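Just below is one structure, and these are the notes that go with it.
The letters A, B, C and D name the chains in turn, as written, and every chain counts its residues from 1.
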Amino acid sequence: MIVVMKPNQGEDVIQKVVKKLQNNGYRIYESRGVNNVLIAAVGGDDKYDYIKQALESIDGVERVIPIFAPYKLASREFRKEDTVIRVGDLSIGGKQLQIMAGPCAVESREQLLEIATLVRDSGVRILRGGAYKPRTSPYAFHGLEEKGLEYLAEAREKTGLYIVTEVMDPRKVELVAQYADILQIGARNMQNFPLLMEVAKYNKPVLLKRGLSATIEEWIMAAEYIMSQGNHQVILCERGIRSFESIYTRNLLDLSVVPILKELTHLPVIVDPSHGTGKWRLVAPMARAAIAAGADGLMIEVHHHPEEAVCDGPQCLKPRVFKELLKEVEKIASVMGRTGD
Amino acid sequence: MIVVMKPNQGEDVIQKVVKKLQNNGYRIYESRGVNNVLIAAVGGDDKYDYIKQALESIDGVERVIPIFAPYKLASREFRKEDTVIRVGDLSIGGKQLQIMAGPCAVESREQLLEIATLVRDSGVRILRGGAYKPRTSPYAFHGLEEKGLEYLAEAREKTGLYIVTEVMDPRKVELVAQYADILQIGARNMQNFPLLMEVAKYNKPVLLKRGLSATIEEWIMAAEYIMSQGNHQVILCERGIRSFESIYTRNLLDLSVVPILKELTHLPVIVDPSHGTGKWRLVAPMARAAIAAGADGLMIEVHHHPEEAVCDGPQCLKPRVFKELLKEVEKIASVMGRTGD
Amino acid sequence: MIVVMKPNQGEDVIQKVVKKLQNNGYRIYESRGVNNVLIAAVGGDDKYDYIKQALESIDGVERVIPIFAPYKLASREFRKEDTVIRVGDLSIGGKQLQIMAGPCAVESREQLLEIATLVRDSGVRILRGGAYKPRTSPYAFHGLEEKGLEYLAEAREKTGLYIVTEVMDPRKVELVAQYADILQIGARNMQNFPLLMEVAKYNKPVLLKRGLSATIEEWIMAAEYIMSQGNHQVILCERGIRSFESIYTRNLLDLSVVPILKELTHLPVIVDPSHGTGKWRLVAPMARAAIAAGADGLMIEVHHHPEEAVCDGPQCLKPRVFKELLKEVEKIASVMGRTGD
Amino acid sequence: MIVVMKPNQGEDVIQKVVKKLQNNGYRIYESRGVNNVLIAAVGGDDKYDYIKQALESIDGVERVIPIFAPYKLASREFRKEDTVIRVGDLSIGGKQLQIMAGPCAVESREQLLEIATLVRDSGVRILRGGAYKPRTSPYAFHGLEEKGLEYLAEAREKTGLYIVTEVMDPRKVELVAQYADILQIGARNMQNFPLLMEVAKYNKPVLLKRGLSATIEEWIMAAEYIMSQGNHQVILCERGIRSFESIYTRNLLDLSVVPILKELTHLPVIVDPSHGTGKWRLVAPMARAAIAAGADGLMIEVHHHPEEAVCDGPQCLKPRVFKELLKEVEKIASVMGRTGD
């Protein structure tokens, strides 16, 4: 880190900073200008958070600037090769592009089986569908809960699809893990730390959605929480962030994170253009763009009757539109050197 | 709600919308222009979320515009008079201005008792201090946990202060509720719905911090979650939101929410200028401004040795500065017709 | 528009609103609930801005909700077919994908001719380069001004490239229009209304960059300014918006505007991934993504010696990287049914 | 600045960076860790912008971190005492609190004289009113232009008020400067550099509003533009920034900039709660808060018939409400040690 001293500080204040750093295992390099002193500190980064705040609390310190990223296990320096996550016979993060598709929520056995069948028939291998739904309103539909999980398991059995489904409550992780192939952490829970610690325990891949106003560093740090517990199977999923535009999109899909994350981390990166735009007509163009930007996969909401969907109907694709999207995506994928299987 | 049809829609599509609304208990008013049709729907708002999305999934519908706020129990319409929350002999949301002060985290028995004593001696009645700390990094200090709660209880016994402390995990609410007088929900957990449901059960006041990118409506809806379970003792706490300015402040303190919330809801509103700015030198001016804007109280971080604090040192006030702040706040409070006791 | 009355308003207030609307040529439809009244008003939208604010100033009015977009000439309703803009033998907005490439700033005759030659040799047809540079600092390089324009003209003569260059000052539009084939309005000037009125006069295509925090509607309204003066040759250029992420990108490139603008307007839409990311390593993935999202073209910064560039070196591509990018873009373009000439 | 090298760079790359810095007059301090090298560079900051970008264009450079603020004349280091700006017998930025009040736009001679008289009678000394109005729509009212300036001059003559009015076009600065006592630069023009250069010429105080998404540094740099031309009479005016909340406020008033700017610069800081909120009911609380935060003055929109105002009626105060606000502000001001004259 770099400690920027306020102008014209006495030697005693400078030495106070230096001592603090040395006592915590840092090596020190001073740069002294006419009125200004910079202190570069290298090493000992384990206590970075604490040291930064402690130093900024000293009166002669202007500010402390971090130099190195605070994550370790998630970084490219830690692991040079891409992490490829295995789900049964599938791999996520390899050459193979993976699509996760299905309804926003599991609404009934019939609904789920019908959509699962069409998803499977279109060549997709992973079924999404929420049994527990985080909703802004306490009066909205919150999911079929365990019944929903059972339907997902039945759909898996009938179609051979793998299941990704959200878990919101640390008390339910054990239950959800019995049914799901991939545990999903939703955007609102990206910094729900007890939940992150809990999902880490079950040796299942975790799909970690980006928080609505999470910086890239905060997002990677949330992955680091899971990885620090020994579970390195984390899939990062961009799903749109909050912006000042509120009329034409629900969220602002940030595709630049795809190449940025590929540089900073070794983890697979997928994109959810359904939540990321909130409008079904925008899903196909942004799905194509995501793949062209280098994403390892997509999460797409599909519903055979969007007008009857209990949630997120406006962003669901009808089966016919979904199939067209898959064709378009496949063309882009092939240009990108990706294979569909 | 208002349903805006796309231009030049056939009568069949319009009737589909009308039917959907009527079947859900809405009364309908149509406005027909040359090419455009608007359908106003009144009543039946219980299923608003569902109906909006269902209608927006119909192809001829341009968009659906909400007219009425989605919250009920939290609204001024539901309750005209201000809610005044009792904590022992104190009231929050009445004429009496309330300050909650203390360290970011409970670090040790000695640290807490020392700060509690100075807080009490300065005339403040509520002690803050975290036993469970949400931290961006898995490698940072996460609180003394139950031991921290015990120290808080001891501090209460010794000083007569009431205790507000954060709970992050639904599995810990029962435990924290045994120690705390006010349960705090942190910014990152504003939409942690299982946690909101859990804290609602213990018949204790809940201090609900605003999420980093929460709209005013989302924030009130989070309060509505708690209230919908029968616990109407919710205190709203502004603590800064995310913005594009990243150098000079940690968060952007939004004081306009104070008069806005006072108009929309009947709940008490307090302001945390410590997290809201992240810099101790900004705490006093923003504390004064918060009271001038009409806030019912403040939450302030105080530490006798900010340079040794395990977290948030740069935003902690030293005892001397804290006492000066209290004097300044008192003067503004008295202009506002507020009393200190 | 929809006028939402506050609850329980007297008939006199309601009639005041109705009169105001009728006097301004609106037809009225009332929806009366138990406590609430909505007034839909259709027609007479010419004075929308004025009427909205006048109504919101009436005490019994809760708020006024716009229903129809405020732009006309730029809308798809006004013109169903895509606008194709002719620049010499080129067309922008048609099947042909157009790339505009060149240095951030014109630095010298030699620099410009060298880059222009390599741009031309790579098959690109439009040269970018700033003679007038808006810079955050008054102490930075502000461009070669008229000398820069002369070099651009010489580069056009020598290479056959068309020229797009920025104009910042209404007093310079006449001069710049003598040299440029396309007049560029920079992000900071998107709502510089005197400048918009001035560029509209010269019957040249105008490339209108999106402002840093411009909503989609504000951006289209800026285009409407130019079009309202009789010049319908406006090209919209996304170049990244301001967000809370400040470490890994300079701006946040918003690709969802591509399909949104294509739906709302008939104008060509191009994307500038150089400014849109600020990092050269992100330019190629975002360029591919832009084309996959449906953009009509790209604006790319190229420099033979980025390390010597007087501005924006970090986002400039070196010639070799630029040529690779063109190949990748071409592949995506061909999947999208676009041709390179 | 600090140059952070990518891990494991060869000595040649490091020397390339060092040379570049030394050739531009920087002194160098290297900090070498096991894999990482930091290079601190002090001095020579005149070319900071150029050097930063040049270095970031070198392949082995991770990033360049600025250490010192890029502004000089506007900084507290340059001038320790507060700048107090004289307007006739008034001072802005001293002990005296200054209110600027009047209509959004000059609409007619009668309207302006009536409002000016009531503003004067309430004890305020500066009249605001726009003769040139920047409007989002080309179809809206754009001001009475020179006629409006004449009415302002007449109002000054009749009431003794000083005049602050906006100028949007560099071609009109000379004209507006003949009428105005203070030249106002609006939010949309904060980075209209030719306009900033032009207003600097007339030796009149310049009121510089913050841009909608301007960082604090960008705003001060805009002031630096004016000051770099020899005109140091710049008043900074916060008027709300863009945020994700779009229902309850028009803009987000950022009061934390008041104490921040007071620390970073010596310039007067005033607040416009009318534009800063867009709702007249929020104006009084935010005006009080602004003064409590330490602002040197306020700009307030007043209209005797907001329902008839041609622009911004919803944020205008009626005379009676305005007079109440002045009383409340005065009380806060007196607590803050401010005098009204």
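Methods note: a contact is a pair of C-beta atoms (placed from the backbone, for glycine too) under 8 Å apart; a residue touches a chain by one contact, two chains touch by 3 or more.
The structure displayed is predicted, hence computed values, not measured ones.
The chains that touch both chain A and chain B are C, D. Between A-C and C-D, more contacting C-beta pairs join the chains of C-D. The chain with its Cα centroid farthest from the Cα centroid of chain D is A. Chain A and chain D, compared by their mean Cα positions, are separated by 38 Å. Between the CA-based centres of chain A and chain C the separation comes to 31 Å, rounded to the whole angstrom. Distance between chain centres (mean CA atoms), chain C to chain D: 26 Å.
Residue positions of chain C touching 2 or more other chains, listed in rising order: 213, 242-244. Judged by the touch criterion defined above, the protein chains are all mutually in contact, each touching every other. Touching chain D in their complex are the following residues of chain A: 2, 4, 7, 27, 29-33, 36, 38, 40, 42-43, 65, 67-68, 77, 242-244, 246. On the side of chain A, the complex with chain B involves touching residues 20, 46, 49-50, 53-58, 70, 134-142, 168-172, 188-189, 191-194, 212-213, 218, 221, 224-225, 228, 242, 280, 306-314, 316. Touching chain B in their complex are the following residues of chain D: 213, 215-217, 241, 243-245, 247-249, 252-256, 258-260, 263-264, 276-277, 281-282, 285-286, 288-294, 331-332, 335.
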